[in-house]
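In what comes next, chain A is part of two complexes: it sits with chain B in the first one and with chain C in the second one.
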Partner chain A sequence: MRGRGIAFHLQLAFTLLLASFLIVPVLASMLAGVTANYLSGVAGGLTLRWLGEVWSGYAGQVVSSLGLGLACLACTLVLGVPAAYVLARRQGHVARMIEELLVMPVAVPGLATALALIVTYGTWGDFRTSWSFILVGHVLFTLPFMVRSVLAVMAAIDLKTLEEGAASLGATFGQRFLGVVLPNARPGIVAGALMVLTLSVGEFNMTWLLHTPLTKTLPVGLADAYASLRLEVASAYTLLFFVMIVPLLVAMQLLSKPLGSGRRQDR
Partner chain B sequence: MTEVARSVAIKLRSCSKTFPDGTKALQPLDLDVGAGETLVILGPSGCGKTTTLRIIAGLDEPDPGGKVLFDGEDVTPVPIERRDVGIVFQSYALFPNMSVRENVAYGLRVRRRPAAEQRSRADEMLAMMRIEALADRRIDQLSGGQRQRVALARALAIRPRALLLDEPLTALDAKLRETLRVEIDGLLRRVGITAIYVTHDQAEAMALGDRIVVMEHGRVAQIGSPREIYRAPKSRFVADFIGTMNKLPGRAEAGRFVTAAGSIPWSREAGAAEAAFRPEDARIVPAGPDALRATVTTSFFLGDRTRLVLDVAGTAVTVDSSERAAWTRGEAVHLAVPPQALIDLGDRA
Partner chain C sequence: MRARSRDDFRHLLLLLPAGIVFAAFFLVPLGQLFLIGGSGKSGYAGYADILVHPKYLRSLVSTLALAAATTVATLLLSTTAGLFLVRNAFPGRALLVAMLTLPLAFPGVVIGFMVIMLAGRQGLIGDVTQALTGEKLVFAYSMAGLFMGYVYFSVPRTVLTIMASAEKLDPRLEEAARSLGASRLRVLADVILPGLKPALLAAGAICFATAMGAFGTAFTLATRIDVLPMTIYTEFTLQANIAVAAALSFVLGAVTWAALALARTASGATVAAAG
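What follows is the complex of A and B.
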């Protein structure tokens, strides 16, 4: 430590300051969710009452948010991975154009996309009031992230030659796709899946327009809670959100591990 | 010895290839490869050599009318996955998600052979390439030379009808290239498989080929044994592409080749001509009636020989001499070329 000059300590202080500037509000909000009374702070005692209240009132939203996120993930996997594969294998201008167009739903404000969906399909029977209406919006918004992420990995490996090698050894298209293409695109698929899941679970501005009183997701409920309930309840809501999303992300990260290291030791 | 392959004779009949953008990559080509023969396709980039290989492999289709025959059977409509040819790529094309052994066994796995057979065959191939110790490694833990050995083992594991190699050594450094070239040569002889080897490296072609096909602009420039190609090139392109070739302008008349620097014996029909010869065929001799006058421009001592660049009546001529003499720049010398070493590349173009 003696060798480090004043510049190092200044930088360290600045970094810590900046990090705490970002993290303290999050911690404060989470803490507020377990204080008996926000105004008297931690000194007023801690309680799980608010969490319990949120859970009893909004457990349904938690479950449906997760369900929606997983359904959205499934859709983007089924649509996005093959799409990325085709885009990676095609060289032409059309493929590059489609690649650019795919980003449109990210560039266009979510509210505009939601409005367009409502104007076009709002009168289609029960579609407007069903969960699939929100799902469509989420898939539109998250699909580019999946495609981009998978495409980046596929472009980095020499997919064409790998496939030609597999074909020369007798592998059919199905065998090549499942045995060579997908395993080697796995880092991209996992990264894309993490993006899609977090974006879908946390999506607010599009969902806010698309939801109905019966189809409400966690972030929409959070907004309602902030607007109409005690601050402690809203903070407990935030806490719940973290408790839900963090294990999910950790689990998915772990899923991507075995490919990298685990199999080296077997046999 | 390890039973590896069922070698077929390969015939191409009027195979041409036009790319979607209209580029004619290959002019109609007829080619015959004998069973067990090693044929090297040699040429500069863009000459159509890789396209030819891809057509034989089934990775590309020839233009309508072209045919690929394996032992007389028309395999043109057979897709690559059912053509049973082993391919070794310049970039190896090994699967990063599998171990070395899994890579080698892949061809048997997709054929749904029993696991025990997959394993024993893979181990047999690894032993043949002397890389048993690497069986459980991952591909990213291997050096370039090791990767290419795995690729060879993988291609041969399926008992292919032919082995196709697309610039397999180009990605390696010079020393390793030499080692692996000798190894591949030994392997091809031992296995006796029909092999088609594409390269732009003339030294590789000379060392490996039973026959060499020299290609230029989508056409065959010459087919022949390495000796024929080297000693009797049929065109300027072939002469220039393989080895060093001197070309001396002059006239043929009355059994001699006459230049401004004197004349040497050469029986060729009279007329303007260009005499070509290899650096090692010319000799530095004392002045005499059958020698050309020359001046030393530069002299490089290469250990086993001395490479001289001479000025012969204004033309630069390269001569390799294994004599122990030393020459200095500007020295006047005399040059003799035996008549049988003179190559006629046609009238001066």
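What follows is the complex of A and C.
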């Protein structure tokens, strides 16, 4: 091996700089969440006071966000997995058009979707003020990710032959779907589920318009904290959010490796 | 024949739940949004008014400019880093990739706060510039801060897209070009970048659409930044000008959707989150 040239070192320095741009504020905010006074730095002492304050003030929103995320996951599983199955089995133009339509809520900004929901259903009092109003928004936004993720895996296996084999042995459609289709699509379902949970827990663009004083989620609380509370408390709240979201992100990265990055783009 | 029609029926039934939810909560509301956008004083001419009224036009133009600048900057940064990481093996490479992709699913509000940590009143950039020049540089609450936030948001997913695409480039093409005497720059311009074109298009479109429609970052940084999502928000909440807010939202949705659809037909790749 010959020595690395100057070009290598320049590019390395550049990449390191870019990585620090992304990571340094995360670390700074995590640190600020546990320092007594951010201005005087770590020397001023570490404290769990801010985290305690956030927890006592906002624990309800954390629990709500998790509950909402799980409800959203249940909905996307029930709606998305059967839809992905049909889209995988069907090759025609109609199926591709339906696929295009189903992923539209990702291409349209959440603000526009939320406004559309409000002008259509905003006058339905009980619905407007309930958690299901936010849930509807989250399901719309996350469903495409579930469908795409499951569809990518289903398209890579020969579902038709597998199903015909099972049918020739006398399996009913229900048995085939539960015993053959779902187990084979499992990697896609797991990846989609992690994505749905992550996105739902962090969703703000729609939720800010859809929420009411009685239906607040974690990101809504974060925005409140950023606007009105001192930097240390806002940081502690962000830290709490990181604790929830980073395990999901890491799990997603670990899962995506054995699947290979190339497969998804085949569609 | 009978088995076939039974399959058709079954497929229809399985698609139906998602179809109903989608139609009731997405297609119908978007249609309603369009109608309300045309229910203002000037009717459907309200859509044309957006281009005539200086306030809305300014907002539209500055949003387009911000989105374009974000796209160019993100592609430059991510392609440089992504190509470097794919083409070189060195200790710590995996860690560097992990660092670059960690913020992948941070919501816009949190990214706004990251910008405040960097360029806000108590930010790190302010500390550094004060130590160096004696003057504190604070730009989080302006268009520059928003630009920084959108680049922050888009770099992780763009790096991933570029890396996935660069891994699939055929190294023999490059070797052939080198053996024929092409310089590094020529290889980059004539072999590598054309090979990455589909990925660059897809990632660029996603950057652009995200920067057009993102709301959380702008909301965290300042309600006074004059970009389209903030204009829509203030028209809706403060002015109660629902017709204008609806018309602007519909146009915004159409622009981001068209940008993504165009890039997808051009590159054959998938869409990703606009957050």
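Simple rule for what comes next: the second predicted complex is superposed on the first by the 230 of 267 C-alpha atoms of A that agree within 3 Å, B and C clash if a C-alpha of one lies under 4 Å from a C-alpha of the other, contacts with A are read in each partner's own complex, and residues count from 1 in each chain.
We adopt the following convention: contacts are C-beta pairs under 8 Å (C-beta built on N, C-alpha and C of every residue); 3 or more make two chains touch, one makes a residue touch a chain.
The model shown is predicted, which means the values in this text are computed figures rather than measured ones.
By the touch criterion stated above, A:13 is placed in contact with neither chain B nor chain C.
Contacts of A:46 after superposition: neither chain B nor chain C is touched. Legend: residue contacts after superposition of the two complexes on their common chain; A:80 is shown touching chain C, with no touch to chain B. When both complexes are overlaid on chain A, the residue A:175 reaches chain B alone and has no touch with chain C. In the superposition on chain A, A:234 contacts chain C only, with no contact to chain B.
By the touch criterion stated above, A:161 is placed in contact with chain B alone, chain C being left untouched. When both complexes are overlaid on chain A, the residue A:139 reaches chain C alone and has no touch with chain B.
The larger set of touched chain A residues comes from C, when the choice is between chain B and chain C. Of the two partner chains placed by superposition, only chain C is touched by A:32; chain B is not.
Shared interface residues of chain A, touching chain B in one complex and chain C in the other, are 264, 267. Residues 157-158, 161-162, 164-172, 175, 179-180, 183-184, 186, 259, 263-264, 267 of chain A are the ones that touch chain B when the two sit in their complex. Every residue of chain C that touches chain A in the complex is listed here, in rising order: 10-11, 14-15, 17-19, 21-22, 25-30, 32-33, 36, 77, 80-81, 84-85, 88, 90, 96, 98-110, 112-118, 122, 124, 152, 155-156, 160, 163-164, 167-168, 184, 209, 212-216, 219-220, 229, 232-233, 236, 242, 245-246, 249-250, 252-253, 256-257, 260-261, 268-275. Those residues of chain B lying in contact with chain A across their complex are 57, 59, 79-87, 89, 91, 93-97, 99, 106-107, 110-111, 136, 138, 154-155, 158. Chain A makes touch with chain C in their complex at residues 7-8, 11-12, 14-16, 18-19, 21-26, 28-29, 32, 38-39, 78-80, 82-83, 85-87, 89-90, 98, 101-113, 115-117, 119-121, 136, 139-140, 143-145, 147-148, 173, 198-199, 202-205, 208-209, 219, 222-223, 226-227, 231, 234-235, 238, 241, 245-246, 248-249, 252-253, 261-262, 264-265, 267.
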